[in-house]
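Multiple structures follow.
Here come two complexes built around subunit A, the first alongside subunit B, the second alongside subunit C.
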Partner chain A sequence: MLNPKQSDKLASIILYTIAGLVILILAALVGYILVQGVPHLSWHFLTSSSSAFTAGGGIGVQLFNSFYLLIITMLISFPIALGAGVYLHEYANQKSRLIQLIRTAIEILSSLPSVVVGLFGFLLFVVQFKLGFSILSGAIALTFFNLPLLTRSVEESLRSIPDLQREAGAALGLSRWETVGHIILPAAVPSIVTGVVLSAGRVFGEAAALIYTAGQSAPALDFGDWNPFNTASPLNIMRPAETLAVHIWKVNSEGIMPDAAAVSAGASAVLIIAVLLFNFFARFLSNVLYKRLTATK
Partner chain B sequence: MAAGTQGSLNLTNEQPDRHIYHMDEDKHEIALSTKNLEVYYGDHLALQDADLSFERFKITSLIGASGSGKSTFLRSLNRMNDDVATVKGNIMYRGLDINSQDIDVYEMRKHIGMVFQRPNPFAKSISDNITFALKQHGEHDKAKLAEIVETSLKQAALWDEVKDDLKKSALSLSGGQQQRLVIARAIAMQPDILLLDEPASALDPISSAKIEDTLMELKKRFTIIIVTHNMQQASRVSDYTAFFHTGQVLEYDLTRKIFTRPKVQMTIDYVNGNFG
Partner chain C sequence: MDSIRESLLKKSKATKKDRFARVITFSALLLIVVVVISIFLFVASKGLATFFTNKVNLWDFLSGKKWAPGQTNAQGQPLTGALPMITGSFLVTLIAALVATPFAIGTAVFMTEISPKHGAKILGPVTELLVGIPSVVYGFIGLSVIVPVMRHIFGGSGFGIIAGAMVLFIMILPTVTSMTVDTLKSVPRHYRESALALGATRWQMIYKVILRSATPGILTAVVFGMARAFGEALAVQMVIGNAPLMPKGLTSPSSTLTSILTQGIGNTVMGSLENNALWSLALILLLMSLVFNIIMRAIAKKGAM
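So, the complex of A and B:
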């Protein structure tokens, strides 16, 4: 038999090994993708448009599409998530049946496979509502995918603000709306922002929900044309827009350009770097905001 | 139950079960009074027939063991229990029953302020903590707001410590300073009545003593009702004391009577530290 000290030591070793393994897997994965992809990165690769048959195509349009789609998705999903989160945590009677139903619905929505969300978006928005393969269709599909996570993250942020703050507001004769709007939400901003940026990272890397909604083609864009109603304008939300993640999938499954492997590796590296940046940025932003909120103005 | 009334002749050695001091409205100015107050958490009766009157510009302590109903009582006075409990009975304030449904609780709470056990300043600057609610209630005159900040901080005995750092975050203050800031924030609203729920229990003895000094100063302008677990504190600062036990007020009297010649056996046991 082991004495307590020995068993403690053994447990520590095992736990450290497991934790080390997780880090090792992550490092190996990221390292492999970066090592494979980074040599192919160049200014030309990041800015030029892709080519279907010849070598030397870039990912410029896809990269722009990914960011633009992300912004449109956030513009749609964040206000809804904020409203839902505030309602669920600050206003709703937690014991009511309706609220339990809403919570269950959110759980289910968050566990739907993204490819199913994509196909649903295809049938409803692309076909039925005749939105076609477009940024708008893609953004709505991504909103379905994003909404549950974002709503829960807003709710968690609000939950982290102690009830004492709500009581303080109430005791000063402030209405619930004044308390939530001016005291609770500002205090929750750092954590809400973190949630938004982290979910942005997930949305950025999403492919399955977009294949049949935002489409698999990336028509050349005229970056001199900023009228959102022109077909070649980057801002047009009714144009098909293949994103980076979809591009990687497409190049790997049916790419016939001679440098398909290189394009895929380079694009993967860019995607991974972007997602990592989102994570670091989230942490950084939350620290800055927290300091600004609690320190001298 | 032999409800003890003041002045009733006690010919036996038996002690009364209850003794409630009834304030004579002609001799005392009554700021707030409750009548048959009952509080239920779900089906559980947490407080029953509380009939207390609070004299203006006096400090009244509510004492009793944990779960005796004193905090429940206090929080019912400005309707902070509305979301969690059912409160029956009357709470009379300036001739109005503020426990009735048609009372604007937000307006009422401007008159009956509250300070909680744990300091809860907003994550804003020291001066914004004080001015925020005033601005929300429509006061935008900068000079006037600055004046209110100064006077309320002075009244709460915090001014000298923070007068050069009014723009600093309130969260950078120590616990005792935060609690005095919260008191300043409450009195900046110019309430009539200040309810304090164990305001010094989370503080060290020095901060606690400062809070007590502040209270003595504040009673010149406000009627104060304070829940406390600290017997010395109750006997030092308050004019009246109510003893709560298992959801009832067992004894209510002048503080010096409660601490020298209590009439109810339970009170004697409690103030002597025999239980609780």
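So, the complex of A and C:
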């Protein structure tokens, strides 16, 4: 048997090995994608439209679709999440049964497999409401997927504001809503923004909820036409829109173009870089906003 | 007098606004609840149609080994045996969790107890970043790295349970690690100090005090990872081979609930038996995510006492 000192040494060695292995796996993961993908990145790759049968297709339309879908999703989900978060933390009676039930429901929604959320979107919006495979259907499905996380992050942001501020508002004779609107929300803006940008990263990479809602095809867009009601316009929300993540999946599972591996490596690299940027941007923005909105120098 | 009385009893503008805001924010909250309820209602109504409209026996569905909803067997019953997919889903999830747990605990202990400096500077941000990597990217890596390696080692096509489990292992590792780190950090400092003051070595302190008191949190992290792995669709679908057969071994092409679901739902006609049977698979997924949720709650309750 080992004495305690020896087993302590052994355990340390094992822990070092495990941590080293994990770093190795994770570094290899990111390194592999960047090494494989970055050489394929070029202005042409990022801007031209994809081709189904020949080599040399780009991801321009998919990239635009991803960002556009993200913006629409945020436009729908942010107000709802903000409202829900404010009610949950500022108005709700935390001990009431109903509120506890609602919290459970939100938790369940956040743990549902995204493919099930996507299929629900397909059933309700694509089939029942006859919206077809469209950006709108996709954005609504992504909203369902995004709402619980965003609501929770808004609530966490509000929780981080000390009650002193609320008491001060009440002492000045402000109504609860005035306190929230003029004191609490401005103070919470930096962390709310961080939450929004981080959830944007998640929405940006989501694919399973989109394949049957926003569709798997990316019709060519006419970037000179900015009238949202024209079918070829990039701004039209009723057109099918394959996003970058969906494109990677589709190329790998049913693609027949000769350079499928190169296209998906390039697209994966773009996705990872985008997620990285979202992360940095979240930190940066929250720092800047914190300095601007509070008296911190 | 009356005018003063009236102005005192009348609701102020601020109160009215407050009421209004309250209603608006509450309806936002209610909307989320309506979404949750309608997801369950819709998926359940579609998924149960297999059993009520198409008269498929529930037990046959859960235990049948042949999945070909378009065909019928000798007795004229449709072949809707979901056991291959259910087995596949559970196998990949369990293997992924079994592999990921020691790695996640080891890394988390390293980050919090052994080398907090490197932990905070390198490993922490890296794992946080990796949590956000889209699952299709993991699927692509699986397809271009893990599947060829499996083909090389075990022969065959390389697609199969092992490949799926490996992809899921890499995918849930960052999540489980960062959740475990959070629980280890929440173990009070005086626990560590008292253990060391009693003469425990660092490993004794970790093993006998910290890991014991963090057990509920670690379990929650693992179950959370399993729930993610169970519901993951595209990454698994890309590497598992998608053959709806009972897994013969860990390296032969198989399928999971999610992989058959994503593949089939676009190719079947709404309302047909083939389609309803797929919705039944979705219903199983939904119920399983509920089960995972209940397990996490039970652990949290036990841990709190």
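To be clear about the criterion, the second predicted complex is superposed on the first by the 269 of 297 C-alpha atoms of A that agree within 3 Å, B and C clash if a C-alpha of one lies under 4 Å from a C-alpha of the other, contacts with A are read in each partner's own complex, and residues count from 1 in each chain.
The working rule: a residue touches a chain if its C-beta (ideal position, glycine included) is under 8 Å from a C-beta of that chain, and two chains touch if they have at least 3 such contacts.
In this text the structure is predicted, and so the values were computed from the model without any measurement.
Superposition of the two complexes onto subunit A shows subunit B and subunit C fitting side by side, with no clash.
Looking at the shared chain after the overlay, A:S233 reaches neither subunit B nor subunit C.
Looking at the shared chain after the overlay, A:S111 reaches subunit C, while subunit B stays out of its contact range. Touched residues of subunit A were counted for both subunit B and subunit C, and C has more of them.
Panel annotation: after superposition on the shared chain A, the angle at the CA centre of subunit A between subunit B and subunit C (CA centres) reads 100 degrees, nearest 10. Looking at the shared chain after the overlay, A:I18 reaches subunit C, while subunit B stays out of its contact range. Once the two complexes are laid over each other on the shared chain, residue contacts for A:L172 go to subunit B alone; subunit C is not touched. Contacts of A:S49 after superposition: neither subunit B nor subunit C is touched. In the superposed model, A:S217 makes contact with neither subunit B nor subunit C. After overlaying the two complexes on the shared chain, residue contacts for A:I183 are found with subunit B alone; subunit C is out of touch. The superposed three-chain arrangement places the nearest Cα atoms of subunit B and subunit C 7 Å from each other.
On subunit A, the surface patch touched by subunit B in one complex and by subunit C in the other comprises residues 174-175, 178.
The part of subunit B that touches subunit A in the complex is made up of residues 78, 80, 106-110, 113-116, 118, 120-123, 125, 132-133, 136-137, 167-169, 171-172, 182, 185-186, 189.
Taken together, the subunit A residues at the contact with subunit C in this complex read 4-5, 7-8, 11-12, 14-16, 18-19, 21-23, 25-26, 29-30, 32-33, 36, 79-84, 86-88, 90-91, 102, 105-109, 111-117, 119-120, 122-124, 127, 144, 147-148, 151, 174-178, 180-181, 198, 201-202, 204-208, 211-212, 245-246, 248-249, 252-253, 261, 264-265, 268, 271-272, 275-276, 278-279.
By the touch rule above, subunit A contacts subunit B in their complex via residues 162, 164-165, 167-175, 178, 182-183, 186-187, 293-297. For subunit C in complex with subunit A, the residues that touch the partner chain are 12, 14-15, 17-18, 20-22, 24-29, 31-33, 35-39, 42-43, 46, 102-103, 106-107, 109-111, 114-115, 122-123, 126-130, 132-137, 139-141, 143-145, 170, 173-174, 177, 201-204, 206-207, 227, 230-234, 237-238, 258, 261-262, 265-266, 270, 279, 282, 285-286, 289-290, 292-293.
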